[in-house]
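First chain A sits with chain B, and in the next complex the same chain sits with chain C.
This part shows the complex of A and B:
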């Protein structure tokens, strides 16, 4: 506590004047870093930067014909704001993740969009001169340019409209027109530093002061799992909220010779906080304190709330480095407890052939009660389902009643993906196995990517928990999407020197036939009488 | 040796039939492998490129004194003949009150009204004293700087942004390092725009459409360290060329292809204050603003510590900043300034200035459009693999039509001629940058030979050999026939 008082005294008055003035300003910016030690000794860190554009509203799509009013931005980034205005996007979520989130060991992530690769979904109002699909195309291309990511590949082949799973997080304005959702994911997108650089430019303080200065690409992309998210939504009565997130799971044990799970900001990010961001209204580091263990935390946290320590970066003495140490070396647990996830899912694609296969899901319910969940597949046409072969087994026994409320939009080859959605009821403490036969597509020569032999990444399946209403017929979707791992499908790939072989081969055959027939026609066949030799 | 006599006529006909099929198939092959190359109206382009636009300007002197009119006319024509380049494309006609009486109600006639006292303008009227020969020479000078303000000595050609029907104006408040303290975190840009910029934009609306966007950045580091002086920091003229740090400053959104004019208010960090612009000789300049030609304007603002409240740009500073921004905008758009001896009674741009700008843009667009069309025709003639599609042809034809219309209307209405010239310029540029013209440029001839050789080499060789064989057989036959004939004669 002594340190805190010191800070208050040493802090110059100017900054305090500034902060009171800012609190009256219409727009607010908050940053938060939460750090948590996981069961397997890794450390999950999550940066959240929230900017609220007070009393702002998304653009009404019916005004797209006329020129937009002048846009003046202070805390909100101009580059992103202009894109959202131009395509009249009400709500947008972009996630770029690398690696596979391990729900069983790491628990449920703080930011729910953790599917491998790129995922973009947006809610847009209909009824404009420019259709939703055209605006969706413009949006993904603009974001691709902004974030240097190949989001342009999120084309019609991958775009679906699963409105039940991707419910808006904010409010949809009432313009008298229906809103529709567009969703697409690209699991093969690799997230790297070229995506982080434009991401940092959207932050009010870039990576030069405040919590954002910890965003060191060398360490973030060295982490076991990392992902960034851009979320823009509208809250009625408040305004447009932009939330930029960066999550990572780093492994302190990897760098530590003594096999201790000690970590500090310096060890995790190779940086400490030297200056506070002058425009952040609140800037906080929250450290989840370990349960049932001996540990020590430095510096002494000014506020401890339940099981977490809070540091206010704006007023804390600089440089700020939070250090958490354990006296004992780390021993891996034999069994991981799934506190925050109720069930775990394994999804695999079976079958050795390049024409057919079987999609298999093994879902284990860890709870002693029935869990209802929506199962969603947004499969590109590369894999086509044989819906009649859909089978569900509970602990090896065939059960038809656990799958209900099927929605199925079949794929159209070369254009539309499959949307398959079903409501699953997972019996208490049991394992459900769902299988379905699939056929693999035969692609055209030009549809193959440059590295065709690698196979195609298929997007993750998504599970959304649902809650039944009292009468038991209608259900509502709850927070907490769960992404399965992605799949890799090996499609029949041609020999890519084929066209030249075909040309050469055809030419040879034609030349041979031509030559023979031509010779037959023009050669003179003469009967030569061989007189028997007189001997 | 006795050889059985066989008629070789069917063989020749077979060989000829094959050759005929190949020759007849050649056009089909040519047609299927050729690219679409529509013919461009090149003769019309060349013909229009020869012509030069002449914009008539009528001056009317509000006097019945014929002598005075004549002397003004004469002085002005000597003035014009001295600076032909400056008056290029402008055709001035001076009339007295009697001759232009019927036309004085026409809006595009410039009227000169003799008066006493200093010269001043209102609308398209110039009030000036005219009672002496020295005043007449002065009038000729004034008229020259009003009607043809772009002289060779101060030609802003390299500073003025290229014509575009739409511009985006991006205003940015950049703090070099707000975390170091004493930064300006907000500005009342709406007020600044309303007072200074918007009236100008409204006046310029016949020429351009504008969209405005603004942003504030709290960390905008420089790519270099400013030079340390005694009590200040300095930017040398070389530093100014690399001042804009486009890697770290995201200055405008990429949401449209319209050209952007940037206006930057740069607040140096506390460590670099005060930041001054240095002259070539190393002394500090009083000015804190500079222009990046065709790109935008930059103001370096060092907040005064005493009056500084720490948050928002003070009202007085805001006004000063936007006054400079407005002047920078006018300079970038090529708006001429008034001669120093002429005052205007109303604020904002005068008709004289606007008309001079429009005339300049008409001439520029007409020249640009003609040059572009000529380049397209030349390029298409030069590169034989370049496809010319329906859209390119259509754009070229429309651009030519607009040019023709511009020439027709140039004598009657300046503003109509301008809109036709702008249309023509835009269409010509669109045709020139049509992406379809690049389609087959990279399909090399070697590639074709590589594909065709295995087919044609192996198929044509038997045909050629057979043809040669038939030819030699035919010759042989003729010789034997001849020999046989001579033999019979001998016999």
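This part shows the complex of A and C:
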């Protein structure tokens, strides 16, 4: 591939030949960078690299025991393709994020999966000789190796199957067998530069040219929020689509002495685009233009539609640097308009005890109409719910009717997590408070991590808005999945230095009692005459 | 002990009933206060197997068509589940009243056991025996916390009472229900069978080989197994599958929940090396059952005394103990006044109990709520508690054997061979 690129880059004539050849190839690649200024002066940028493997289909799990048919990859990364074929994965989504997405200020993210830490979910066909769980285990371990992330820790302690929330984005092939979803999240896993390097290797031009050349780890991992995502899905009639995304929220005000929110590609990424990626069929930068404000954008965008400017990187003059400037210094808004988020959620774990506590959610509906949303908790067994204490209050008044369609799979100590899902109806312009008592687990001393006193990160709760059908009984999931912040639970720790002492002490006490009792039970009592001592 | 027991006057006899009901009324009044709300999550008063919150959770799941035994937290017997899901609405007040009533029945059963042992219809000591049950803080506090161990105690006492009165079927049925509620209570089977084929009267001072042939116990054992089978089938019918067995009985054998309690198991298995865990689980379980035959052999002349000692073994060594297990053992001391003069180190035992019962709640609070102590503090106090129970055991076995030789005579000493 590298040699091909060199050839393509060296000569314009050859480049055209290359383009023609590529258009006939079964793979197409598109890249997109969208940039948006947020309410609080920060800039959200999202890199999307889409590769379509035309007319390809996911592997039927029933063919797993026979030789796989040969695949022809050109732009589609072989390393990822092999993993997906090996474990017959129909659809896969991996997200590695660092930081907390602030929905109230930043609105909904362009890519939904912004939960803190690592999140992996996959749809797989059932009915193979190798079970879904074995393939799930293989998938997470293979991805752990591919992306240098601790995805192997997404084990059965964290794996759930919430099919209603994580509906497939693509199409599921009809093999006559049911498809099942596996989902796991690991909030303590953070994305870092060692994950970006293998990520860049999956791109057709790596980070050498095109939009991908802006992926500068020094700047990306310095951003207030950043996260990468790998999404593979199948679209019927089109083929297998792989979408690699990188989102970040940078703060141009942080280093700016003039307190202006001006930004450019140079200031955000410390790079500009010098070359276009020759194998990218389209390569575009989309800048969302600010509303109700004076600004200037350089260079003049060739295409402007509906308040966004489009730059085609392939044909635009190089080097390309997009610069957006404001004449006035930035002033922070007094309150953030919740124009894009319909409701906001705050989740906390209350109570001072290490034995029990209370989970509390405060959900505020910003809209003048009722919002229906699915509420999903995939809680490791470290926290066990007391469902009978589940209470919902609307503006302080107890209301049981706003929680319905309860699905609950209780946790199993030392293995399965809890899956708790409920349908909430949030009344218009009101605040709903949901509380539930929980017990905290007591772990074996080998189950604690090395930094046991730090506590355990608990995965975020997930809210998925739903829409009721006309008949009012069935509902369908809408866009706009919302992740709450993660929780930290402080579990009681034993003394790690003294397993031997405890074994010895307990055994000694038992031996003492055992000895005393059997001493009394086995030895006969006799009367001894004591001669009075002559003094 | 108290001056009332030494005055066999008739007004004392008639005062039993009103004072008994007064005690129950006071307890009922206390249980209706907010105290039970504060105590309900206390791990010394209710274990994961006996906690009322867990029971309510199980009922909630059961009523919402979710199998409570599919998950890990609900470990109560299906018998309790079906009782509370159908007969009794899970109102807190009603539960408090039920627990008080259960304790009243338990106290009455203990008085009946005492009367059966003395072969009297009533005695001056009745009130003291009842009060020792109703006023024992080790029994009262778990009852306030609505721990189902109080119900287990009552059922066990009723079983012993029926055994004393010779009502074999009722006794064996209650015993099998107790074993359904708490698997470790299986150690009570042999002494209760022994009690059924002998009599409850005090023969402690005159040891002699068992006069009745052991063959008489076989049909009783068969009857017990029949009840066990019936209750197992009912439980399976209620739970819908066999999954309740690993969740309830299995929990006492594998100890999946390591929540701290007053017993010896939890910290030992928290700190146990993973590859030794199955071995030591086996050792601890076998250890609990190893006392049954020796104790029954040694005290074959007085089966009720063997029952008493096994209560002590259970309270000291069973997994998932609560305070009510050793509490029952200590209370039953009240029906054996004949051993008091021969106790070995009663002061030491009392002081050890005082020490443990003051330090355990303190260290538990310091570790889990305050965050200023660590697990070792509470563990150390449970070790002292185990020593106290061990000392109490020695204090009932020693006089039980020593009493046969009679009072101390100047110039002679009693030693063991």
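Quick note on the criterion: the second predicted complex is superposed on the first by the 474 of 535 C-alpha atoms of A that agree within 3 Å, B and C clash if a C-alpha of one lies under 4 Å from a C-alpha of the other, contacts with A are read in each partner's own complex, and residues count from 1 in each chain.
Convention: a contact is a pair of C-beta atoms (placed from the backbone, for glycine too) under 8 Å apart; a residue touches a chain by one contact, two chains touch by 3 or more.
Just so it is clear, the model here is predicted, and its values are computed rather than measured.
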### Task
Using the superposition on chain A described above, determine whether A:276 touches chain B (first), chain C (second), both, or neither.
first
### Query
Between chain B (first) and chain C (second), which does A:68 come into contact with in this model arrangement: first, second, both, or neither?
first
### Message
Taking the superposition on A as described, I'd like to know which of chain B and chain C A:163 touches: first, second, both or neither.
### Response
neither
#### Entry: Touched partner set for A:204, first chain B, second chain C, both or neither
first
### Message
If we overlay the two complexes on their shared chain A, which of chain B and chain C does A:511 touch? Say first, second, both or neither.
### Response
first
### Task
Using the superposition on chain A described above, determine whether A:304 touches chain B (first), chain C (second), both, or neither.
neither
### Message
For A:520, using the defined touch cut-off, is the partner it touches chain B, chain C, both, or neither? Pick first, second, both or neither.
### Response
second
### Query
Looking at the overlay, what does A:488 touch: chain B (first), chain C (second), both, or neither?
neither
### Task
Using the touch definition from the top, say if A:79 reaches chain B (first), chain C (second), both or neither.
first
### Query
Where on chain A do chain B and chain C both make contact?
503, 506, 510, 512, 514, 518-519, 521-522, 524, 526
### Message
If we count contacts the way the header does, which residues on chain B are in touch with chain A in the complex?
### Response
4, 6, 11, 14-15, 18, 177-183, 185-186, 189-190, 193, 209, 211-216, 218-219, 221, 248, 250, 252-256, 309-311, 451, 454-455, 457-459, 462-463, 466, 469-470
### Query
For the complex, which residues does chain C have touching chain A?
41, 43, 53, 56-57, 59-61, 64, 66, 68, 70-74, 256-260, 264, 266-274, 287, 291, 294-295, 298, 316-317, 367-369, 371, 374-376, 379, 383, 386-387, 389-390, 393-394, 397-398, 401-402, 404-405, 411-417
#### Entry: Contact footprint of chain C on chain A as seen in their complex
352-356, 381, 384, 386-388, 406, 408-414, 416, 418, 437, 439, 442-446, 492-495, 498-499, 502-503, 505-506, 509-510, 512-514, 516-530, 532
### Query
Which residues, counting only chain A, touch chain B once they are in their complex?
12, 14-15, 17-18, 21-22, 25, 67-68, 70-75, 77-79, 81-83, 85-86, 142, 145-146, 198, 201, 204-206, 208-210, 275-279, 503-504, 506-508, 510-512, 514-515, 518-519, 521-522, 524, 526
